[in-house]
Every structure is written in C-alpha cells, then in structure tokens.
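Structure record follows, encoded as structure tokens.
Just so it is clear, A, B, C and D label the chains in written order, and each chain counts residues from 1 on its own.
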Amino acid sequence: MKDDASVRDFRAETRAWLEQNCPPEMRLPIVEEERCWGGRKWTFHSDAQRLWLERMADRGWTAPTWPREYGGGGLSHAEAKILREEMDALNCRPPLERVSQALGLLGPTILAIGTDAQKARFLPPIARGETRWCQGYSEPNAGSDLASVRTRARDEGDHFVINGQKIWTSHAHLSDWMFALVRTGPDTPKHAGITFVLLDMDSPGVDVRPIELISGKSAFCETFLTDVKVPKENVLGEVNDGWNVSKILLSNERNSISTARNFMAERSIGLTALDRQREGPGHESDASLLDTSLRERIAAYEASAWAFSALSERAGDLAAAGESTAAHASVLKIHYARLNQLRTSLMLEIGGSDYFEWDAPVSDAARLWLRAKANSIEGGSTEIQLNILSKRVLGLPNL
Amino acid sequence: MKDDASVRDFRAETRAWLEQNCPPEMRLPIVEEERCWGGRKWTFHSDAQRLWLERMADRGWTAPTWPREYGGGGLSHAEAKILREEMDALNCRPPLERVSQALGLLGPTILAIGTDAQKARFLPPIARGETRWCQGYSEPNAGSDLASVRTRARDEGDHFVINGQKIWTSHAHLSDWMFALVRTGPDTPKHAGITFVLLDMDSPGVDVRPIELISGKSAFCETFLTDVKVPKENVLGEVNDGWNVSKILLSNERNSISTARNFMAERSIGLTALDRQREGPGHESDASLLDTSLRERIAAYEASAWAFSALSERAGDLAAAGESTAAHASVLKIHYARLNQLRTSLMLEIGGSDYFEWDAPVSDAARLWLRAKANSIEGGSTEIQLNILSKRVLGLPNL
Amino acid sequence: MLNFNDEQRMIRDNLRQLLTSETPVSHLRALRNARSSDGISPALWKTFGELGFAGVLVPEEFGGLGLSLFDATIVAEEYGHTLTPSPFLSTSVMATTALVVSGNTHLMRRFLPEIALGRIVMACAVDTGPHHDPRMPGLGFARSGATVTANGTKTFVVDGHIAETVLVTGLLDGEMTVAAVARDTPGVTVRRQWMMDAHNSAALKFEDVQLNQMQLLSDPGKGRDILDAVLAAGRIVVAAELIGLADEVLSRTIAYLKERHQFGRPIGSFQALQHRAALQFAEIEQARAAVLKAARAVDEGAENAELMVSVAKAKAGEAALGASEEAVQMHGGMGITDDLDIGLFLKRARVADHLLGNAHYHVTRVAALTGY
Amino acid sequence: MLNFNDEQRMIRDNLRQLLTSETPVSHLRALRNARSSDGISPALWKTFGELGFAGVLVPEEFGGLGLSLFDATIVAEEYGHTLTPSPFLSTSVMATTALVVSGNTHLMRRFLPEIALGRIVMACAVDTGPHHDPRMPGLGFARSGATVTANGTKTFVVDGHIAETVLVTGLLDGEMTVAAVARDTPGVTVRRQWMMDAHNSAALKFEDVQLNQMQLLSDPGKGRDILDAVLAAGRIVVAAELIGLADEVLSRTIAYLKERHQFGRPIGSFQALQHRAALQFAEIEQARAAVLKAARAVDEGAENAELMVSVAKAKAGEAALGASEEAVQMHGGMGITDDLDIGLFLKRARVADHLLGNAHYHVTRVAALTGY
C-alpha cells in the first residue's frame, strides 16, 4: 500500500509540525510516573509537559477524531493513524493519556448518544485535559455482575438524590467527575431500572477512601454517596436505560484499554535483560542472553506482543471500516491482561532479588508485577470476556 | 530409610534369582512391539520371551501381590516394591504387561469381590498370561457417560441373553474374554439396573470390527453382540449392582494406567536428542543441545516426568497403607495423559521431517504422537477426572 | 490497513465456493486412500491458472495479476479450510518470488507465463536435514568454464515429486546461489515422501549434476537475497494456510459442541469447554492479525518485516496446533478415529508448522533478530 | 516410603495447632505493619527449641532430635501454611547441615547445642548477585599465617540481619571454602533487606575482615561438598514450605468459591473455575510427591538425589506460584486488596520460588545433570 498524494501531504505536514512543536523532553521514553492524566488536581511534572499538552490541545490532537467544535481534531481514521505513526516515529509522548476514562470511554459515549448541551459542556474540557473522570460501576458484592447495582437514586423532580456505595473506582481521589450506574427503577428485572448519571465529585455527600492494594499502591477507591444531588440534565441517555448506555461504554473500554498499549513501542525487555547481563564482570560484550530459559520465554512473550500490536491495529482498521465486532474488544482485553502480566513477571525475573526489595527498592518491578494482577479482573474480568465470546460470538448454548 | 535384615535378605535372594533366570534378551531396553500381552492368540516374539514368562509365572511374580493359591506371588507391598526395584536395576523387562485389562484391572476387582469359584477359575490363567481380556464399557453416543448403557441383557433363568453394541474396546480382536456393563434393569434411574458380566469372546453372536484411528493403527474395536449367552455364574458382584463394581474397577484402572509407566525408567529423550544432534557433521562431541528452545522444553517435560514417577510411587505407598484416595487415581490419570502427549510430541520434534513420513518412515514417532491423543480420552477423559476432583475431592457445588 | 477491501472479499468468497465444491476435505482423503501418484488435483491447478490465482504474484507483464503477498494470503487461507493440496505455495509463491527477485529476465520469460497459466509445477529445495536450517544448504556448486556441477542432498522439498523444475539452493565459492534444475537431469534422484498429512514432498539427491551457467538465477552475491525473499514469502503463505485451517477446525468443533449431547445436555453448554473454545478463538484472531501485518510489512519493505514474518509463522503454528489438539479432545472418542476429518487437520497443522521452521524456531529467531 | 507414619502425622498435627494459634498469617501482617526490627517471633523460635523442632537435624549427641530431611519437610510445610517467618531454614537446616557435613567438632560443639535449643540464629551467605549462582561466591579469602582475610559482598542472605553468626562461602586459593563469621566482626557491614513478602534478608559487605584459621569449617578441598549439602537441604526445605503455602492458598480459594455468589449462584459451581481449581490440586499433589521423594533421596544418598532436588524445587515453585496466581484471579477484586491475605501468599510464593534458584533455573539444571 502506497500513500497517495493527499495522504503524503498530510503526513509531511504533520511531521513538520510535530518536529517544531514537540519539546525535546517530551520525546524521551515515557516513564510510568510521568504519564499525563490531567484534571483540576493535576500537577504537571515539567513546563514541557504543560506546553506540549497546550499545543496539542489547541490543534484538537488530544482527541484527533472528535469534531472540532467539541475540542477534537476532526481527523479521519486514516489521518489519525498517520498522526499516531508520526508521533511514534518521533518518539513523541502522548500529551494526554488516551486510555483515560474520559478520553477513551466517556467521551466517545457522549459523542454517540449525548445531547448537544452535554457534548458542548463536557467534551471540550476533556479534550483539553481540564477535567479528569472516574467510573462508578462496581459495588461491594457485585463484582462482575453489573446488573446487581444497589446504589439508589430517588427522583426529586428536577434532580435525583443518590445514596449508596461504589467500589474499585480508580483514581476517584484524583478525579473531578464520576460517571455512575444508579438504580432508578425497581430491583427486578435486574437489567432494567438502571440509569447512567454524570456526577460532580465536588458535590456535598461524596466521600472517597483509597483501598490499599497488594502492590502497596492505592489506585482504587471506595466512594460513599450520601444524599448526593444530581440534576437531571446530567443523565446520559434515557432514565432507566443505563444498562444499554453502559454496554456502549464498555465496548469502548475494552478497545481503549488495549489499543492504547503498544508493548513493542516500548523497549524490548530482551535488550533490557542483555544490558543487565552486561553489567556483570566479563560480560561486557555478550551477544546474547546466557540464561537460555529466560531468553526463550522473553522471545515467546515478545512474539505475542508483536502479534498483539498487529491485532490492535487490525481492530482499529475494522472499526474504522464499520466492521468492528464485540469479539475484538473481548479478544484484545484477554490478550492485554495476559501479556502485561507476563511482561511484568519477566521484568521481575530479569531484575532478580534486587528487585524484590519492598522498601527503597532499586526498581518498582515488583509493584508493577502485582499491579498487573488486576488487569485480568478490572474492566470486565477475563472470565467475563470468555463468557461473552463463547455466548455472543461462538453461539454456544446456555446450560 | 535403611533396609532391615529380613528385607536385605529378600532383596539379595531376589536379585540372585533374577540374575540367574532372566534371559539376556529380556534385559535389553523394551521396544513397544515386543511388550508381552499374552492370551490364546498371542505369538511370542522369541523363545526368551516365552521362557521368561514361564519362569516368572511359576514363581507367581507376574502378579506379585496376589495370593499364591490364585497364581500370585503372595508378596507384601514392600516386597513387591523391592522386586520391582531389583527388576529395574537389572533392566528386566516385565514378563507380562502390568497395565493389561486383566492383570491391572479385572484381576484386582475379582480378588476384591469375586466368588471363590470365580477367583479359582479366572485368576490363575490371567497370572500365567494365558487369557487376555478386553473392556466392554463404552457404547456409541455414550462417551464419558457410562451410566447411559443401552446394551440389554435378557434374563433367561440360568443365563442372560445379550444384545447391543460396544465401542472403544481396545484389542477386542486379540482378546479371549471381555468384561462388560449391560443393562438388566429399567433405564431409570440410570445408575441402577446395570450388571457387570464376564463374557467369552468365542461365544456365538460376538462380532468384532477394528476401528481405524488417526494413528493409522486399530487398537480399538467395535463389538457387536447378538443374542450372546452368558451364564449367571459369570456375573461379577450382584445383578443390577454393576455400577458399583465398575467404580471399584475404574479406580484400579486409573492407578494401573499410570503407575505402570515410569517415563524416567526409559531413556532420557534429552539424551536421544543429543545423540541425533551428534550424528551431524562437526557435532560429534557436542556437550549439550544447541537448540536451546528444545532443550528447555525437554527439561521441563523430564522434570515433570520425574515428579510423576514420585507421585506414582507415593500413590502406591498410600494405597498399601490403606490411605489411598480417589483423588490420586484421577490426578495420576490427568498427568499421565499430559506427559505422554508431551513426550511423544517432543520425540517427533527431535526427529524432524524424517519422522513425518507416513509410508516407510524411519521411526513410528508420528504414529505414537497421534496415538497419545487418545490418552486424555480413553479410560475416563481428563474432563471427567477434573469433574471427579472438583466434586468429590474439593467439594465444589453443582450448578 | 489490515482488513480486506471489497475486491479482496470477493476473491475470498469466490475461492471459498470453488474449493468447497471442487476440493472439500474428502478430496484429500480420496487422494490419500487411492495413493494418488501426484497427490494433487491437476484439474484444480488448471482452474487456478484460468482464474488467475496461480499467477497472483506474477507481474502483469508476464501474464500474472501482479498482486501483493497480502493478496496471496487470501488464497492460502482458503485452501487451509479445505486442506487442499495445491502447488500454490511451491510454484506461485516460492518459485515465483525467487524468479522475480532474481531479476533474471531469461528465466522469468521462460517460467513466469507458464506459472501464471497453471501449466507447470516448480519446487524450491531449501532444506538438507530434518530440521529447517536454510543457511546450511547441504549442496555445493562447482564451476568449471561454463559448466556448473552440483552435488548434495535435499529433503522435504514440497511438490518435489511432480515439479518439472526445481530451484535449488547451494554454495558456490562459499556464497549462497540458486539454480533452476530440470527434475529429469541426469544425476538427479527423486524419492517421493508421503507425509503424515497426506501432502507430498520429495527427497532429492544430486550426484555430479551438470548444469550450464544460464541455469543460475543470479550471480552468487545475490543468492542470499533471493533465499531471504523466498523464505519470507513462503513462511507468510504457510502461516496463512494455518490460519484458515485453525479457523475451520474451530468452526467444526463449535458445531460439534452444539450438536453432541452428554449427561442430557449439549456439551457446548459446559463452561469449561466454552472457555477453552473462546481462548482458541482469541489465539486465532491474534495470529491472523500477525499474518496480515507480516504480509503488509514485506509488501511495503518495512524495517521490521523479517521480524514480523517470524512472529506470524510462530503464532499461526501455535494457533493451528492448539485449535487442532483441542478439536480432537473435544470430539472425544470420535476425534481420534480416521472416520472424522479432525485428525487430518491435526496432521496438516503439525506438518505445516514444521515447514520452513516451526513455532519454536521462529520464536528463537525473534530473539536473534531483536539482538538478545 | 513416601507417606507419613504415625509419629510423623503426630508431629504435623501438633505443629499445625501450634502455628495456627501462635503465628497465623495475621502475625506476619502485624510484623510487617509494625516494621518489626527482627521480623520474626523470638518467642516462637524459643518454643521451637523447647519442642525440639529447632534441632530436628542436629545429631542427638549435640542435643538435637537427629531426624532426617524428610522429617524437616514436615516442619517447613506447616509454616508454609501460616507464612510464619522463622529461622528454621537458615539455622536449623542450612547452617546445621553445613556444620554437620563439615565434621568440624570444634564448631559443632560450639554451635549445634545452641541451635537445638533455639537460642541462636545463624545464616548462610551464598549468593553475591541478584540471580542464584552459588559457584560464583563473590567473596575471596586470603591466608596469611594463621589469619584469613575476607573481602567481598553477599546479598539475599536470609535472616542475615539477625544472625549472630553467618556462614560465608568464598574462594580460598581458588577452592570453595566456608567460614563462620560473627556479624559484629569489624569490617562487616549489614544492610537489612525488607523483601516484598515481608520476610527478611540482608546484604552483607566484607571489607578486610580478619578471621582466624579456626573459623574455617574445613579444608578448602571440602568446601564444595559442604556447599552442595547446604544447597540440597535448603532447596528441599524451601520447596516443602512452598507446598504448604500452595495447599493453604488453594484451600482458601476453594472455601471462597463455595461462599461467594455471583449471578445468583456460588461461583464454585461454574465448571470453568472447577476445572482450574482441580488442575491446581493435581499440580500440588505431584509437586508434593517430588519434594518427599527428593528428601528421601538425599537422606538415603541415592544416585539421582541432586536431580530430584532440582525437580522438587522446580515443581514446588511452579505449583505455589500457579496456585497463588489463580487464587488472586478467583478472588476477583478482593484478591488484589491488601485486606485479604491472598496477596501475602502470592508475594511469598514469588520470593521463595526465587530463593536458591527459581523453577526455571532448576529445570535447566535437570538438563545439565542429565547430560544434554
């Protein structure tokens, strides 16, 4: 496939602009702690990070395919792909994380089914990185069974009053807004009577408590909602139709979680292992890994990671052609979780006992390995994805 | 653990006897085709094979732990273990395959619940390798669901008249007798009304047709039974209680299939691979396998195979101490199937394309690989074993 | 783009119709049972010529369609569904690539139009031992004046038993070189190899085989490029066949799971089997993407094309073997009988995985190409 | 025999009662949260001395029970259930084995009775780098008259932060040698390592540390035998701990599967989870047998003892990691919170797998010991 003339032009212009506008610090390999999530509580790590976000947001390239009127770049899928390829080619960091709840999930859902007023109000600040969002789906004892929402929304005419408890709300303590499922109708049938609301975290009655995880970090929170008022214009979709809204959003979630991470755009962990080996005396010029078991297992992981990046690209192409299926969302989610777990486990092995220290460690490899255990649970567990595939895609019968 | 005096004596006597009586040809590594299965249709591969069987049978050591009056050796478990260790130490081939339907399965079941007349009639010829047995359990469309037996036995006073069809009867065409489950009672409840009968394959109305398998071999048969007469003294256990008899026998089956195969008593396939590598020019004195992927995978298999041989030994020790559980039978069966599939697959890889030829191949590795696919299906599939473990051992609930 | 456009979808649909009617799996079974002397359907090969598939990679100036490797994968994936034994790989992909990359107009004019018409079968002889190792050709060329003498052995030469001409790799003055050798040249001995998958190949022996200079595809300096291109194209196309095979064997398994009852229920309602089937689906989809990506990378001359080829071959081999082994297990006793086709898929998966380097070979190659 | 006799069963039952009442998993959690300075329970160690467990391998003449490694695995398996941090491995197994195998009566008289009484903690310092590689001790001894000077570093020395005396491996005249070094000797620097499993070890530095001849366990010629014996005993006992851990974490998972409801049913009624749990059970049983067999093999001096030790460590590491990872997954969101103990099992499984060589190290060693 060769670029035709207009594509060539777009590519050239894009590259020229990036070269001129992306600060050199924003072209260094990304470090986990320096990813930009935005929001009112955000602190920029550097002036370069702030500048880079501003410049990209001005062009709408934080949300390249969104309409320009809502803060997006108005690009076609093909153009957005070129933008991404050019950013990769110049090692430009994403100015704002594409996998965020806001950019990856809620934004596309508002675009799809929001009112004009909602689009105008919520989308531009998302695209500019000014508001950060969290997801209020899970509740204690509900786990993967989203239909068993028990948080209640009482109808008070022009607003709802909400009482209940949400759990596993990632980064709720750093977020400005939450989108949540709440029960507006009777308990049964379980799928009906649920409403999808947009809730300001600054509202009175919102209490957020971080949950300590096995990784020692607290990415997830419990959120207690006590008599929280939500105006009715903040309902996305119809009242009592939240189940369908959440399905639209969930399919974005699976796509978004996975397509955002191109393991192979990061450095080969095989080369990292070789670097470490070369630190040992007498090993300065080794051409390959002496631990052949580790070498073979890293290679097996990297072969899969390359295949995953192809899968991710293909899913994007199919989506752009309108051929996307629910299948790919689940397939991506399953592979992503497994690959990230494998990758972080191998990194820990590469480090060895040095990396096993918990206090003042030389690396956060142990914590990342533990954190990755959540990948196959959060956002629809691997088991749920397998159920979806076997029922909806393969058409296997119920018991 | 040190041998005490009487044990030392038994060990020394056993070794002396074996050294004197085991023909040199019977101390060469066993070849698949030369395993001795016995029976009226058996052709000995050599005089040495015949002699070795006769000598061992005379001492009752083809069935070491059976009582002497029924053709066994009357040994304790500890003595039988020593006999086996000494046979291994001198590389003595088994004079008669221990995993046979007769020695491994039916014999112990008759010993446990047969009448004195049945023991006296059936056990000695089994121990002497004079009768070969096959198993008539499965039926078309029944698969793993043994309770759905449809072969009918009509009560005619002193005998039954049997009509129906059995499938997957291994080596029925080479066998003298079959033990089978037949339906004597009503269809429901499915577990009741089944009877366990001993059936002479020379009876009129028995028609055996080998099934061609993917390995190109025909180890399994379909057996058609048309008005076959079976005298009532050939019922093992009570009429209509065959389900319980079969459970006793099945637990022997799983033990027997697995404990009989000590992969690590055979030659390391890693060394076989190294031999093959050394055949290449310039590789005569290689100290290790250059294909490190193959080397690591063989080592992973062999580590598991050593662990399996320990498991097998432990299962025997627990059984001898009366602590055996159904768990071990299933665990052994699962691991055996997986290991043999892994082993045969690795052997095929070691051989490479030379071994892929079907006509006039240099090795039967391809056929053995294909044959091993049945290991996780025959004798209670791996899925059935996992069901047994999860329900009966782990106590997990039904849906 | 890693999806198909309308034209590609049409090609795929037409091929599927052709192959399922002309050479369903029963065709392979019949060839096997009859111990067919050529082991393929000459009629189908002629049809491939007429419809243009045989010349998919042949440049238009030589009568072909001049399409891409990406398009060639569409063909291979389809005959993977039906296990059709076809000279497509040997002739339309490997030999064609060798000739095109060589730039040898004499040989291109001679062979490419015939290939495009489905009139000849050509084979590529790469391996000398039972394990894929293309850098060790096991054959030497010696030059003396205008004559070149070949000595050595080749094995597992796909379609070597029916190819009129074999492209043979060997070392000339220590450099990789490729020569076009007619099968009936004096000194060439051919032993047909019936493989376990009922596909065919041959073991070839070359004893003082006299060739002339014109039979060399190129100067020795270029032989390595030709070999690399042949391997890349061959590996991608075998990988695509494996994807088709995996897809088909999974579909058949799903159908069986829905139809077969045990304990009073369709066995496809048991969750343990559902999850295993779904995992196979996920593996196949990932492998399929890798194959399409590798084909694009080679077509576009991407920097990481070689790497992606190994990724594709490795993942396709794993996916096809995994799906076939699960298929046998889920078909239970029936799965291990020769009556069902499932065993044929398993056998082909194993042989095609081994062909041009198995999954493990290619995983190790990923490490080597990455530099660790 | 690879099963327990009545006496062994009694030991096991008593220990289980002691540990579940004195040091349940909450004990480890409390030590961790309090950032305890020694990271173990000194009271429990004293009780181990009183009940004889601390001296299980100490010969009777030195006040111990003089039992076998097979018996020592019973102790380790039990504290694996409760994740009890205990000097049993470092002191009662590794240091005791070093002293006994050395045959050095002076040092045996000095240390063994104290070990048997649970009065001291001793550590063995084997590794110098982040990956287990005991043949490269990273420390050198130099002799000058009756004085021996040690220089080098050690890391991941289990209990090195609280051991009064550390047995240190190093090279003297190129030969493996072991010396007993008091931790407070001038020139020894100790940095405590809080590991992710909340168990403890230390990084030690030796700078011109002056020792006398009497501190060497043996002539250099014998150092390798001592090291081999220490490694074999240590690996088996860590493997046994991993079996206990795996057993416990699976039991807790089974209990959770029965109790936790989703979609209106206990999640343990879903067949996919049932089969996965059953597979873990099968793996643990096989690994357990391998550990018992390896212990017997070492006790009996069997020819393949070294091989079986690697098999045992490899299978136990795999089983414990597999069971812990499945436990986290099956506990869903709860599994990844620090509130539940499941994460503590996972962390300990990973560290103990790494200790004295991880599963992959030992699989590769099986190939080396077999000779391919």
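What we mean here is this: a contact is a pair of C-beta atoms (placed from the backbone, for glycine too) under 8 Å apart; a residue touches a chain by one contact, two chains touch by 3 or more.
Please read all numbers here as calculations on a predicted model, not as lab measurements.
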Between B-C and B-D, the pair joined by more C-beta contacts: B-D
Chain centre separation in whole Å, for subunit C relative to subunit A (CA means): 40
Centroid spacing, where centroids are CA-atom means, of subunit C and subunit D in whole angstrom: 52
Residues of subunit A touching at least two other chains: 292-293, 295-296, 383, 386, 399
Per-residue overlap in subunit D, given as positions that touch at least 2 other chains: 270-275, 363-364
Topology of the chain contact graph, where touching chains are joined (line, ring, star, complete, other): complete
Subunit B residues within the subunit C interface of the complex: 138, 143-145, 167-168, 211-216, 280, 291-294, 297, 348-349, 351-359, 366, 369-370, 373-374, 376-378, 381-383, 386
Of subunit B, residues touching subunit D in the complex: 1-2, 268, 270-271, 273-274, 288-289, 295-296, 298-300, 302-304, 306-315, 317-318, 321, 323, 327-328, 330-331, 334-335, 383, 385-387, 389-391, 393-399
Contact set on subunit C toward subunit D in their complex: 270-272, 274-275
Residue ranges of subunit C touching subunit B (in the complex, touch as defined): 127, 129-131, 155-156, 193-198, 260, 262-263, 272-273, 325, 328-329, 332-333, 335-339, 342-343, 346-347, 350-351, 354, 358, 360-361, 363-364
Sites on subunit D touched by subunit B in the complex: 1-3, 254, 257-258, 265-266, 268-271, 273-275, 277-279, 281-282, 285-290, 292-294, 296, 299-300, 307-308, 310-312, 314-315, 362-364, 366-368, 370-372
